[in-house]
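So the structure is just underneath, and the comments pick up after that.
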Amino acid sequence: MFSLEENQLLTQTGQGTAMGNLFRRFWLPVLIATELPEPDCPPVRVRILGEDLVAFRDTAGTVGLVDAHCPHRRAGLFFGRNEEHGLRCLFHGWKFDATGQCVDIPSVSNGETLKKNVRITAYPVQEYGGYIWCYMGPKDEQPELPRMEFALVDPSHRFITKRRQLANWAQVAEGILDPTHFSYLHIPISRDKDQWGKMMYGANFSTDKIDPRMRWVTEDGCPSIHVQPLPNDLGMTVAGKRSADGDESYWRIIQFLMPSTSLAPGSSKGENYHGQTIVPIDDGSAWVYSYTWNPERPLSDQERKNLGSGSAIHPAMDDQFLPKRNRDNDYLIDREMQKTETYSGIVGIGEQDAAICESQGIIFDRTKELLVASDLGIVRMRKLWLEAARQLTQGIPPKAPAHPDGYKVRSGNAVTHNSVPLAEVMIERFGHVHGHLGDLYDESLHNR
Amino acid sequence: MFSLEENQLLTQTGQGTAMGNLFRRFWLPVLIATELPEPDCPPVRVRILGEDLVAFRDTAGTVGLVDAHCPHRRAGLFFGRNEEHGLRCLFHGWKFDATGQCVDIPSVSNGETLKKNVRITAYPVQEYGGYIWCYMGPKDEQPELPRMEFALVDPSHRFITKRRQLANWAQVAEGILDPTHFSYLHIPISRDKDQWGKMMYGANFSTDKIDPRMRWVTEDGCPSIHVQPLPNDLGMTVAGKRSADGDESYWRIIQFLMPSTSLAPGSSKGENYHGQTIVPIDDGSAWVYSYTWNPERPLSDQERKNLGSGSAIHPAMDDQFLPKRNRDNDYLIDREMQKTETYSGIVGIGEQDAAICESQGIIFDRTKELLVASDLGIVRMRKLWLEAARQLTQGIPPKAPAHPDGYKVRSGNAVTHNSVPLAEVMIERFGHVHGHLGDLYDESLHNR
Amino acid sequence: MFSLEENQLLTQTGQGTAMGNLFRRFWLPVLIATELPEPDCPPVRVRILGEDLVAFRDTAGTVGLVDAHCPHRRAGLFFGRNEEHGLRCLFHGWKFDATGQCVDIPSVSNGETLKKNVRITAYPVQEYGGYIWCYMGPKDEQPELPRMEFALVDPSHRFITKRRQLANWAQVAEGILDPTHFSYLHIPISRDKDQWGKMMYGANFSTDKIDPRMRWVTEDGCPSIHVQPLPNDLGMTVAGKRSADGDESYWRIIQFLMPSTSLAPGSSKGENYHGQTIVPIDDGSAWVYSYTWNPERPLSDQERKNLGSGSAIHPAMDDQFLPKRNRDNDYLIDREMQKTETYSGIVGIGEQDAAICESQGIIFDRTKELLVASDLGIVRMRKLWLEAARQLTQGIPPKAPAHPDGYKVRSGNAVTHNSVPLAEVMIERFGHVHGHLGDLYDESLHNR
């Protein structure tokens, strides 16, 4: 059973905490790049791992991510003037470049000398995969960006969002790590052939037959769970194996990547893929960066329109990136729909997940849970998180950040004969026991 | 003077507190029965004595009142599916019946075995008097329901509501325990003959003469207070005696019943009676369950309409049972009305009480008060509450729950000669020194 | 560097704190007199230095400022009846006069005797300069009112407001104590000749040339700071000296008066003058009482209209005295305006100050700041505040309250030859080295 001490270790990510230090060893998405649309555009407030920062795009297009306050008298730099290669405090005109270096102190006579010794916290950032990423760890430990497929494909092949979730990061992650719940939370209950498609692909989707995957998921609510570690403590492959037709099994294979990325299990070859990266805002809320991509073709305008108005893992959102169906309105649960159409009565995969996750409480008390066999992925992942956090406390850095290429894996579904073990399923489905994509995108990586 | 320790003892009702344990020895109203209108209707959130629960009515119509969270991974059961004799968690389909027993675990292969050992907190409930009541104490100490008259009459004879009050339960109770304040807070100041009637019976009431009771209450603001204990520590009779015309006195007699029920003092024989039961939501707010009934006849449609739109002790409320005139809008106090029409300038008896009670602060600091002779009922009742709480801490259970028939008392007003003492007034007015109704309703009790 | 202990000492003003005790030795504005417009008008809630009070104007027009709660059972006196020379509690009719003396206890038979010994906290108040002021210190230390010019002129010569600021009092004060920031936060960036005037005097202002003061302030952002103590620890004169044309300097001279009054530096002879007095509501918010006056002539209707709709130091406000451009709406910062018209992009001097002040955090952490030469006024004033607070703790009262005439000083601007020191500038501009107005208003003082 999880102890209170372990629960705190897992859930606390502020400065100086063990888990916080672990997160700070990884590149983390921090904004959608278009939140800073052009040089010298308005700064944006950022709160990440409990730290208050401000992001700005300077005259050259370089993004800065710096302390939210001017070091002089702590005025908020969010209100500052973003001009001529730096952000200038409104109070006395002190100016900082994207590296945090003070480049102008016009308000005192010794400003030219003084400014050389004035510097504010600034974290390295990179634009990648449509997001802005930051690295908040020790400078000499800065790794390369993780080579995630959604970020390596041409922008025309992907669609990205972010959403605010009103709960601790770890329970968001654990919800995604659970192959079983799809047979409950996310299923239709009528056997109407369009229902599954609508749930997965949005209101305009229609089909001429029931997707057999829907049938398998709804008919076998008790998948066996198979977990396979990824090399270098990168995370793990967590798969649910359900009965399919005849002697076959239906596999749904999640890739969970340190510290907090989950690639979704539902896609067949040729379909769109989905993934989510969770980043703590503070210990009571988190951003979920969600991405859909197709390795083989650009997404169509209709797909973008559907995803943008809320479908698959992307909720319909307000202009603050809070889902429109949220905790304050009970996710607009429709009890009649719950009786007759869908298991949850809540519209949207992301919203259904949010309802569960947020209903566990802001910081879920793991000392009170009752884990069962189907929670194997959660148990294993908790072990990996806590071991990595504890080791870092003892000076042993995590291995994963040093292996960015290890992130170039794919998740998805597969149909195999009953007797095939997960390792072979992986090879059959992805051509590699860990779903690794080999040298695919090695060229585009150099071009991004 | 009340000490800080006593104030905490009186006001804290969470799990493990002395007063909380005392409350848990009594049946407590927890919902209006119509909040769960039919089998398999949507579940309802309940918070009582600081505990978060969810109530549901199963397929057979049986009400369950269970832990708000699934024991597996603590998902909120409020969002659950109420179907086929149980409430099913949205996350993995675990299902619980109204007794809290887990009856299905479809998500793991050993679910059939496992479920037998899985049980969540569930409190016994009964529907009674239009409310759903629960018992949260030790199983083997479960008493019978208190035989309160409003609950024993035919439903056509009663009207019930509940309202949320934004203050600790004890100050709500103490406000009701005070015979004197009626001469101030609740009176008209004009001598307009319709005013009193409107205040008491709603906007449409009119009369051809000033009710002499109004005159007596407004003319004698300094009643003498008479307190008489009820048998078996059931509570007490608290009466205010005012000068009436000539040699007569006007008595207003409250029955206060453990732990937190007050029967109102204003009714003459044949009129409607009123009562209120206060149940802590947590230490900062409480539900006030309010009931009006007539022992002799059904309430008319007009009476129900008046009561439902806010009159007597029933405020006009929003759909969350919060009075429309509330703390956030200063109870819509009308200073012009306060100057010329009513003492308070606030419309509604319940709202006037709420304004005072909530203005004392969330948890009123009794170490700072200045008690006087007119507070006799409060002083005595505090003594009874604290003694019962302390004795229970020492293993001595309260006597009152074991005497449900003792709750079958009536309150109301009386006019007598000056010289008649309270005990005789009780016999004259109610036929019994404690206002007990004898074997009245013994038949209907068996039929309810 | 400021220590955490010093920061707490400076910012905490509740009962029993050192700085709170210091504030309580001064007369403090507490309401605009028109908030209590007439005898027996509705009472008004007051929160000051963390104390909850209620103010009322009795039948004779006398203002009372008393404990927010009745001593009997702590009901809120805000809801009370203001009638016949006293405020009467709604609960049981206990009545208190403006001195806090209980004058009626109608609810108990020994009320006539009892009332003599019942008294609630009541602070002396005076109406003065359009405000109601109170004194919350020891009775035998009560000083005279400070002889501030805005309060001594005929009411036709002044315009007064108050605004709520959502930050600790000290950072509001420190913002005002800073002569340098005017060259940044408050300046236009276009050289449009009307811009300055509009910023200073409101939308309808136009001029045929650029005010040279605007040019000097914008062109010299690095004034030298000159501080001169006022006699009797009354405060200090803090001046910023900027290059003007040729061999001349442009002085902007602030008078900062204990404990929290600042007279503004921008006015030339004959122009309107401005001042602000900051009074803690509690440690997280403050009232800023702001006044504009002209010693020589009444303000015109147009001036009143401009000031009332938001200009100079007076923001446009809602009916709760909260600026319409406030923290919740990011002060309606207009990033396009910030690029092309004004340094801040925020409309209004008061709102610009509020944006900075509130962006420092509710209680600004002074251990993290980086003070420079231009912060001299702040450094000196902190020293004066802390010394006075610490001395009072040791039983030595502040000297300033005993010298009310010392407050009769003027602030403003001056243009002099480069070589003239501040002391001589003061004599040249104001006729007195401390800007004192001599026996001016001595007659009107007797008449007010």
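The first chain written gets the first letter, and so on, giving A, B and C; residue counts start at 1 in each chain.
Keep in mind that, in the parts below, a residue touches a chain if its C-beta (ideal position, glycine included) is under 8 Å from a C-beta of that chain, and two chains touch if they have at least 3 such contacts.
Note that the structure is predicted; figures quoted are calculated from it, not measured.
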How short can a chain-to-chain path be from chain A to chain C, counted in steps between touching chains?
1
Answer with same or different: of all residue numbers used at the interface between chain B and chain C, are over half used by both copies?
different
Just how much do you need to spin chain A so its Cα atoms sit on those of chain B, in degrees to the nearest 5?
120
Suppose each chain is reduced to the average of its Cα coordinates; what separation in Å results between chain B and chain C?
49
Across the complex, what residues on chain A touch chain B?
174, 180-181, 183-185, 221-222, 224, 330-331, 333, 335, 338-339, 343-346, 352, 355-356, 359-361, 364-365, 368-375
Across the complex, what residues on chain B touch chain A?
40-42, 69, 71-76, 78-79, 81, 83, 89-93, 105-111, 114, 118
